[in-house]
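In the two complexes below, subunit A is the common chain; its partner is subunit B in one and subunit C in the other.
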Partner chain A sequence: MPAGTTDRILPTAPAEGQRRAAVLASPLVWLALALVALVLFMPATEPLFRALFPELARPVYTRASFLALAVSHIGLVAASSLAAVVAGLAAGLFVTRRAGREFLPIVQAIAAIGQTFPPVAVLAISVPLIGYGAAPTLVALTLYGVLPILGNTIAGLETVSPAAREAARGMGFPPLRRLLEVELPLAAPVIMAGIRTSVIINIGTATVGSTVGALSLGSPIIEGLSGNNTAYVVQGAVVVGLLAIVTDLLFERLERRLTPGRR
Partner chain B sequence: MVSHVVSRVVRRVVPHVFPVPAMPADGPAMIRNRVLATLVALGVVGALAFGFVGFAPNRLLSGRPVALWDAVSAPVLWVVAAAWLALAAASLAPPGRGRDRLALVVGLGLVLALLAGAGEAATRLAATAPSPSARTSLGAGFWLMLFAAALAAVDALQRLAAGMALRALAILLVGAGALALAASGQLSELSLAKEYANRREVFLAELLRHVALVAGAVLVAVAVGVPLGLAAQRRPRTGGIVFGALNLLQTIPSIALFGLLIGPLSWLAAAVPALQDLGVRGIGATPALVALVLYSLLPVARNTQAGLASVSPAVVEAARGMGLTPGQILLGVEVPIALPVLISGLRIVTVQAIGLAVVAALIGAGGLGTFVFQGLGQNAVDLVLLGALATILLALAADLGFQFLLGLTRRSA
Partner chain C sequence: MIELTRVTKRYGDKAVVDDLSLTVARGAFFVLVGPSGSGKSTTLKMINRLVGIDAGAIAVDGRNVRDMPAEALRRGMGYVIQSIGLFPHWTVADNIATVPRLLRWPEARVRARVAELIALLQLDAAEVARKYPHELSGGQQQRIGVARALAADPGIVLMDEPFGALDPITRDALQGEIARIHAATEKTIVFVTHDMDEALRLGTEIAILDQGRLVQCGSPADILRSPANDFVRTFVGGADFGLRLLGVTRVRDRLRPNGALAGPPVSPDASLKEALSLMIASRRDALPVRDGAGRSLGAVHLADLARA
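On to the complex of A and B.
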């Protein structure tokens, strides 16, 4: 399904006022503001949670600041996603070049079979191999994150029309320039969709990462679940839910910008 | 523009760093199957550089690695070595069905031989152990070789352009072989088997609970999602809004959604006693089921819509011309054509739900996640593995089942 078929077509240079209105009307801006506000000022919500959960002695999670939790969570996801992008792109490029074409079917099979593995199971299995803490989370996020990027890199490059390739060749582009200026830009929206899937899954898996000892926005959720403190659960869940939604909306914009003919 | 600059720089630098050989694509002329050669190299590294099994004094300590040649008896060692040699030879042989058939049989046989070898190693190590609490777990070398051997079989199946029947046969043979090994007691000294034996009844109950949770969620998702997809196809504007909302829901991490449902559901159960009598609670199966349904709605609805959209208007027109009623057209014409797309939606949803249900153990819903999180809490690695491996096998089995179903509907269509 082509993304954004229902988009309004904006004029190429909207007036300043129009642009400001568009920014204010965007849910992305409001959700991002809410996320930042909650991360910075969670302790200020204490009266609200005290009213909602009168039976709790300490209704706001204080073991770590939400800023520290969010920074650690985003750091885990960013580091692993970066590694996954590099590895997924490199492998996807290799198997779609002449030198690596023989490996294409088996790599596609690995990407397809690997994606049926539940991310949480991958996280759990990395603990026996690596131990507890941030390291198994990073490894599991990277390993699992590679698969959608790899799959979509291959799919994106394979859908570049032979006519476009041929035209570039006819213009005398050497292979590398064909790749960088024709194939990759044409495949970019599909590749970006793979990165989006990978990052969103990783935000979710990093949340569960707090069960193997990583510091993340899942920490208040897990602690709240084991200590019967629903307020902690709600605080962690709202912040991590907002983080995922804001990230997804950001990627949606990026994808739309990369699709030729749409801005 | 950036790419232009990058390309110019890279073009200057790359030829010096990686000189392009005159004859690229084919590599050394002797190797005729470079995929298989790579897998053999991986397997040999696994055998030589890593422990085949790990041996620990008890279940909570991490083991010391034991090399393949120290772990298994001479006959098993010879079988494994001969299998890798045969695969190496196959990678040098000229292309042909004979070569690929050999690689398939040897790859599948090697998978079973590795399993049997690990079981034998555990039995031998247990005989030398000072106490019965000693544990033998599967090592990195075992996993690497298993991975390489299984992929060698997959590569052979791909080169043979194997149909559904041969693929199914290969999987059934390995599955039956593994079950036979387990039933014969060959594997029972492995720590994984001991963890299972210690809690056989609980394991079966949690497995059943896991399957019930997933099946229940998928059934409800179909009951709600299919009409939703139908409505979206008939009214694209409404469909866009519904899909947008469901898409946002899908991005929310599972544990967060489970957690967010606790409050509203416990309030609902407290406010409506009839619901409480039905078993609605803030924790347990109710929030798990609700969350799994919410996650499953989007793929079901979207694939229903996409499947119906793929029916050509000419076909619908022809059916109308034959005097069929709208209901008859939907059930007799549109649904059968849309079925493969719908089934691939069910495949996505089922595999996804099997994974998400693991996390549901954290809110007291039970299932295979119980073992994963219990094991993580007790630092009992093999208990973690028992839950995680069972989940992976369940997901793979569901995926294969749906692929098979998909093949059947495509064939009949």
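On to the complex of A and C.
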């Protein structure tokens, strides 16, 4: 990044003690601890599930450890989201530059239509093309994840006030610095909201990947559904749900941090 | 010095600026005034190349603006717009520092300059510098807009209806501010407005535009005393014409060297309009004239105001 972007004069940070109190009061911390505890020590919940579901012979999913499931699940989501962020941002930037303006309507139309596609359908289409396993899941998650990011990148850049844009031009910002220092920072909260939506949807959708052979937190859910083991379904669903909530809260913090002056 | 030579700008078939030639002298407060659609904003934006020209040439200090990189040209000119356009994600201090940082000034010099401008624009530094634009009133924001334009100490400042969206009291204060800064720094200011009173108050030179053409160019007094045609007469005239005429004449031009009078004193540099207002308010038909040091220079009489 060019010189001059660092060393901004920022308002003073809150005091140390205040910050520590805020950390303890935050639901994010407690939920994250619950998530980690469940992932690491799920077998320890056996008495609870045995009591809840006395008819089941094996009330806790043990085919793979929840740690392995969670790592694989997060890996699927992270890889596909990263690809979706790169593709969505690149496409969004391209169609809002002068060179790509012509493609804006068609890209917006594709993004809008794409959102109405259920993710399971994308998965069903990619299996015959790529086969079983993690690969079709990654493809489906990436394709589906691009759409909200693309849509919000375009929307975010278009919401940058024309006055700030004109001022930046009139002050003598070259185009790249105008994009990096004015347009993108101002569009960042909206773009980040798109990434947040995309990642959260993908955390849920990745569970469906287990139907085509990917290892994910969906594995106990799928196996529980097919084997009539409600305890497995509950275990998988609770961990996925916690993961989604914790991720969402993390994004909320990030978005707030990206909105200086409007805190 | 800025020279426009037979400049034309067309949008489709319509020429929004039509064969316009103007010379802005160094140190002038040059006001482009006209009704909406007269091409005054377009003319201003052609000077810093935010708008390209279709025919003719614009030269700044003898150099054709087309021969300069647009970014370098713009960094050498201040730019203030009606919608202000402060960067909402930067503090006031960072906003003011925009152009010095683009010019890669050392950070210490940037900070010193920001402090200087906050003082120049009479913004309380401790209170304002760390705030974000949305925490300020419209008037304060435009003060920052002006400070940002002056930050790199450009020789030329372009102002596009900068005070058009402000309330009358704030506008009046900022007009006074910019007049003071112009007098103190001798910068060349090109100022666009549709408000004739603002043009008369601020301009040392006024160009009246209509439908992209120059109708008349001259000092405020020239334009009021000898309007070029009916358009100018209508534009500057109306019920306030006489008061506007008083507004462009100084008290020193009607000075009578007679003895000390009672009553509130008036400065020789005040306009006759201000003197008249003071006479009416104090119910007198003559006022003592005193300079800034309090020396008595004579008097100004009501009977002399109507004199041509």
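As a working rule, the second predicted complex is superposed on the first by the 246 of 263 C-alpha atoms of A that agree within 3 Å, B and C clash if a C-alpha of one lies under 4 Å from a C-alpha of the other, contacts with A are read in each partner's own complex, and residues count from 1 in each chain.
Everything that follows uses one rule, which is that a residue touches a chain if its C-beta (ideal position, glycine included) is under 8 Å from a C-beta of that chain, and two chains touch if they have at least 3 such contacts.
If you're wondering where the values come from, they're calculated on a predicted model, not measured in any experiment.
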Touching partner for A:I106 - first (subunit B), second (subunit C), both, neither: first
Subunit B versus subunit C as contact partner of A:A68, first or second or both or neither: neither
Which of subunit B and subunit C A:L48 touches, first, second, both or neither: neither
First (subunit B), second (subunit C), both or neither touched by A:S161: second
Which of subunit B and subunit C A:P174 touches, first, second, both or neither: both
First, second, both or neither for A:I200, with subunit B first and subunit C second: first
Partner touching more residues of subunit A, whether subunit B or subunit C: B
Subunit B versus subunit C as contact partner of A:P185, first or second or both or neither: both
Doubly contacted residues of subunit A, that is, touched by subunit B and again by subunit C: 174, 177, 185
List of subunit B residues in touch with subunit A within their complex: 3-4, 6-7, 10-11, 14, 24-25, 33-35, 38, 137, 140, 151, 154-155, 158, 240, 247-248, 251-257, 259-260, 262-263, 282, 302, 306, 351, 354-356, 358-359, 362-363, 369, 372-373, 375-376, 379, 381-382, 384-385, 387-389, 391-392, 395-396, 399
Touch list for subunit A against partner subunit B, complex: 1, 6, 98-99, 101-103, 105-106, 109-110, 113, 116-121, 124-125, 127-129, 132, 174, 176-177, 180-181, 184-185, 200, 203-204, 207-208, 211-212, 218, 221-222, 224-225, 230, 233-234, 236-238, 240-241, 244-245, 247-248
In the complex with subunit A, residue positions of subunit C that touch it: 48, 50, 70-76, 79, 81, 83-91, 93-94, 98-99, 101-102, 104, 107, 129-130, 132-135, 148, 158
Residue numbers on subunit A that touch subunit C, as the complex places them: 3-4, 7-12, 161-174, 177, 182, 185-186, 260-262
